[in-house]
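Next up, some structures in structure tokens.
Two complexes come next, and they have one chain in common, subunit A, joined by subunit B in the first and subunit C in the second.
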Partner chain A sequence: MMIVHVLSGQISLNFSDIVSAFNTYDATNTNHIIFFEFRIPRMTMSILSGSALAVSGMLMQTLFNNPLAGPYVLGINSGASLIVALTLLTGIPFFATDFGLISGALVGALLFGSIILFFSFYIRSHISLLLIGLMISSFVGAIITTLESMSAAEQLKSYTFWSFGSLQQTSLNQLPLIIFGCIVGFLGSFLLTKPLNAMLLGETSAKSLGIHIRSFRIWIIAITALLTGTITAFCGPIAFVGLAIPNLTRMIFQTQNHQYLLLGNLLIGGIFMLTCDTIIQLVEPYFVLPINAFTSLFGAPFVVYIVLKKLI
Partner chain B sequence: MISLKFIEVGYNTPLLSANLSLELGNLYALVGKNGSGKTTLLQSIIGMIPTIHGEIILDEKSIHSMSNLERAQKIAFVETKFMGINFLTGFEYVAIGRTPYTNALGRLSDRDKMQIAKSLEIVGITHLSGKHTTRMSDGERQLLQVARALAQETPYILMDEPTAFLDYSNKRNLIEKLKKIAHEEQKCILLSCHDLEICLENNLPLLIVSESEKKIEFRNNAAKEEILKLAFS
Partner chain C sequence: MIIYFSDIVTRMNKVFYLFLFLFIATACSEKVQVPLITKKTTKYARFLSIRDEKNGIYIDIKHPDRKNKEYKFFIKKNSNGKVPDDYIEIQRNNPSFIVFSTTHIAMLGQLNQLKTIKGTCASNLIYTKEIKKNIEDKAIVDFGNESNPSLEKIISIKPTAIIYSGFSAEFSKNKELQKLGIITIPNFDWKESHPLGKAEWLLFFGYLTGTEEAARKHLEIVQEEYNRLKKSVQGLSNCPVVLSGSKMGDFWYAPAGESYMAQLFKDAGANYIYKNTKGTGSLAYSQEKILVDAKKADFWINPGSPSYELVKMSNPKASFLVPFREKKVFCYTKDSNKYWELSAIHPEWVMADLIAIFHPIELKKSNLNFYHTLD
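What follows is the complex of A and B.
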């Protein structure tokens, strides 16, 4: 899948280009440059974004005991989006750097994660919590629309492109930072698999099994914010992956053991985004399909399917 | 031994007071009206709600001075109803009861697996270990909860109305089984219950929430009329 993804794209590369790019890199060979500067980052971002969003979704679903939870539905993406919108539309110089953008998106995701966590203390109903998430999203959406209407055409364009979601805006030198953020997030999630399993039985039971609920919650929100924030900062808001993939993983692996689910989400999330992006690359000569639109095209019917099959 | 020393439980204002001890090897039933504070009392004993007054001592140590983990190795709690979770098997569910003993990654040791198998066997539901919890009946899931509490290997088990959603024969089976387990495994089990007849049939020692005094009265071999007068008049 990785190789198919790398080989697909507007400028065709063949397998021997890849082999020679690894063996004898030639800085003047266009194909080699395309491979390292464009294809490798795009492929890595596909895998990382899919895995990170799927893992975030799994964490949210177990924390809130709600299979329809996810970073997008609960408005955690919105937090990151708001900061990015402030950045791109107002042009505060600090946020223009990579580090500034990531930390901004992170703070936004963390802030909105905390807001939804705060509401979850008072609201027991699954549906109400999702409604609050939706309200947060539309509230933020309104702020962003207002910002858009006040900003210059050039800035508006760059924000709009960002909001379509894209896996190709990342350059080779930004990769280490993103990979680092994701790996920290994945390792953190791995350390939380035991309390996650206990959390399946609900809060009271988890606490009576010796789990420290408050610190567990804070860690979950922090890790979700890190994963979602990092991906959103660079790829834009990608919908439905965080909601659909964890459910798909549970169906495929037929388990609730979070150690397997975590690995499953990493794998299936990565493969899913790689497949989506390969298809996008294949149709690129004919029309441009934004990744955000594409995941929703897949994701929305899938969620309807989950509801119809009464899997929740 | 669980000692409730002149405790008052409730959220802000005292709902109920108690002063008594519970011994290993017995199944106790907590009876009283709806809203009389039974669940609050149980949640206070497991340390979920702080007591307003008095102390709860588990084997000579106050529960408030224990860490979550220490408490989890002493006392298991079973909620009223377990609805079942998609794709979670009986074995996996009971295995969650080993949480206080497994390492940071939750890996099951041979001893853990042995304890899980033993718990399933004591309750008599070894055949449910591969079945998905969503495909079980209410009665099967209730027994599974008991197995999970046993897997937690605690001397004390508290259950909040475990018979509430069961049919008559399942209610009787569960109470009889719990009484046998308390006796044979030397555990102290306390359950809240509205099925007075079944409790009396099994000669369970009763903790009765006295309606007039808002206080727990302990009765062994009490007549039904007395209990009704104490708790429900």
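What follows is the complex of A and C.
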């Protein structure tokens, strides 16, 4: 899938271009530039964003014991969107650049991740925490709508394009930071697989198995905030992956063991985003299709299917 | 069969009354025919047609995107004259306007009619100092966002006309406003793809304010200079290759081959890389395609940022473009407000700038009106 993704695009590359790019990279060779500066970052971000959002969704669904929970419930996406909207409204040209958008989104994601983390220290009930996360999202959404109504056309356009999501904004030298953040999140999730399995039996049973619920919850939220915040900062808000992929993984793997689910989400999340982005690359010569729209096109019917399956 | 004389008289009476009825009916009709002979005063504008006839001035504005949609306005020359069917009358006594584009301000300014402006929007985008001062002094109302102006504020100002850009749908509540004597007129100058066609909308404002002669004089000067500049670079063997546009989101938006900028590049003697594409709007291409297509580009025009640093921050991959590496990027962003406000009525200034950039031997680069090399 990775090879198919790297070879797809408006400019056709073949194997010999890739081999020569690795062997004798030539900074003036257009094909080499396209491979290293455009295709590699895009492919890497597809895999990382799919995997990170899928793992975050899995963590949220286990924590709240709800298959419809996702990374958005913490309000991290909303937080990133708010800071981006505020910075764009200032009209300062820096904030309309890729670098400015990433900085604003990172600050927003970390800030709102910290807010939810703070609440999780004091609130015992999962449902209450879920409600607070949803209310924060709603509140922030209202502020963003107000900001949008006051914005000039250019600022509105910049914000709208950011909200489409993008796997192409990242440059090669930013990848190490993103990969590091994601690896920390994945390792942390792996270390929590036993408590996650125990949570499936319910809070009381998990407590009796020696799981410290409060610190477990704090770790889950911190890891989710790190993974979601990193991806949102560099790719913008990407919908439905965190909600749909964990459910799809459970259906495919037919297990509730989080060791397998974690690996499954990493794999299926990455493949899913690679597939979506490959399709987007194939239609690029004909029309513009934002990644956010594409994931929602798949995710929304799938969520309906899950809801109907539960009701039947 | 006996025919009585009285029967004949009765039938003739009926016919007579029928003819009398028809005569009265047609005589009472107020239909005014639109003259077939046209003295069109616009040459380049595609969406504006003005006919100066004996009975009045006919202003027909075509909607650029909606087929068969026209806005028709009429200015009486004689106070007793009749307004033709389907036309809305515009009063020229004491005109006052709310204008929703800075190009409208420039056009009224060119005709010394800034005093007619009672309201505008987006004051941060205005270049004309007099208008900015009047907004600060509250003599002119700033409506903020054009798409959602306060109707009550509009009514309190009671302008004779609202001139809007027509970006989206009709101006909201236009029928109700008309009942209050406020006409709403869409201005599609921004949709004109010929630079001289855009400038011709000056005539529209000329007729609205009774200064059509001044408008005509200015247009003659502009057209003459524009065509002189165009002729000076025709037939030149050295046609530099030009890239235009910038990245927004994941895609690069470049002017299409039949657009305003493409026309300017062609007239300025440049070889625009997408000159053969169709359309008057923007093309959306992947950055990879731009990198390949612009391999031989000599210049990059309109990146949308005032400095190389900001261009790189907006689009880190711009550094792979040859004009960026060779520092041959030009934009109007040193004073964007001046460009957006004045370029519509001074296309010859834009032409002069582009010729100075593309063919520096022909014109000195130091006297650029709008453009500058990036910092």
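Descriptive notes on the structure:
FYI, the second predicted complex is superposed on the first by the 248 of 312 C-alpha atoms of A that agree within 3 Å, B and C clash if a C-alpha of one lies under 4 Å from a C-alpha of the other, contacts with A are read in each partner's own complex, and residues count from 1 in each chain.
Operating definition for what follows: a contact is a pair of C-beta atoms (placed from the backbone, for glycine too) under 8 Å apart; a residue touches a chain by one contact, two chains touch by 3 or more.
Keep in mind it's a predicted model, so treat the numbers as computed, not measured.
Using the contact criterion defined above for the overlaid structures, shared-chain residue A:V288 touches subunit C, although it does not reach subunit B.
In the superposition on chain A, A:V307 makes contact with neither subunit B nor subunit C. Touch criterion met: A:T255 reaches subunit B, while subunit C stays clear of it. In the superposed model, A:L131 lies in contact with neither subunit B nor subunit C.
Within the superposed three-chain model, A:G210 lies in touch with subunit B and out of touch with subunit C [touch as defined at top]. Residue contacts after overlaying the shared chain place A:I33 against subunit C, while subunit B stays out of touching range.
In the superposition on chain A, A:D98 makes contact with subunit C only, not with subunit B. Of the residues of subunit A, not a single one touches subunit B in one of the two structures and subunit C in the other.
Across the complex, subunit A meets subunit C through its residues 9-11, 30, 33-34, 37-38, 91, 93-94, 96-100, 149-152, 157-158, 161-162, 164, 166-169, 171, 284, 288, 290.
For subunit A in complex with subunit B, the touching residues are 67, 190-191, 193-194, 197-198, 200-202, 204-205, 207-212, 250-251, 253-257, 259, 311. Remark: subunit C residues 122, 124-125, 144-145, 148, 248-251, 284-289, 291-292, 295, 305-306, 310, 313-317, 320 touch subunit A in the complex.
Interface residues of subunit B facing subunit A in the complex, by the touch rule stated above, are 43, 46, 48, 67-69, 71-73, 75-77, 79, 82, 85-88, 92-93, 96-97, 99-100, 102, 104-106, 152.
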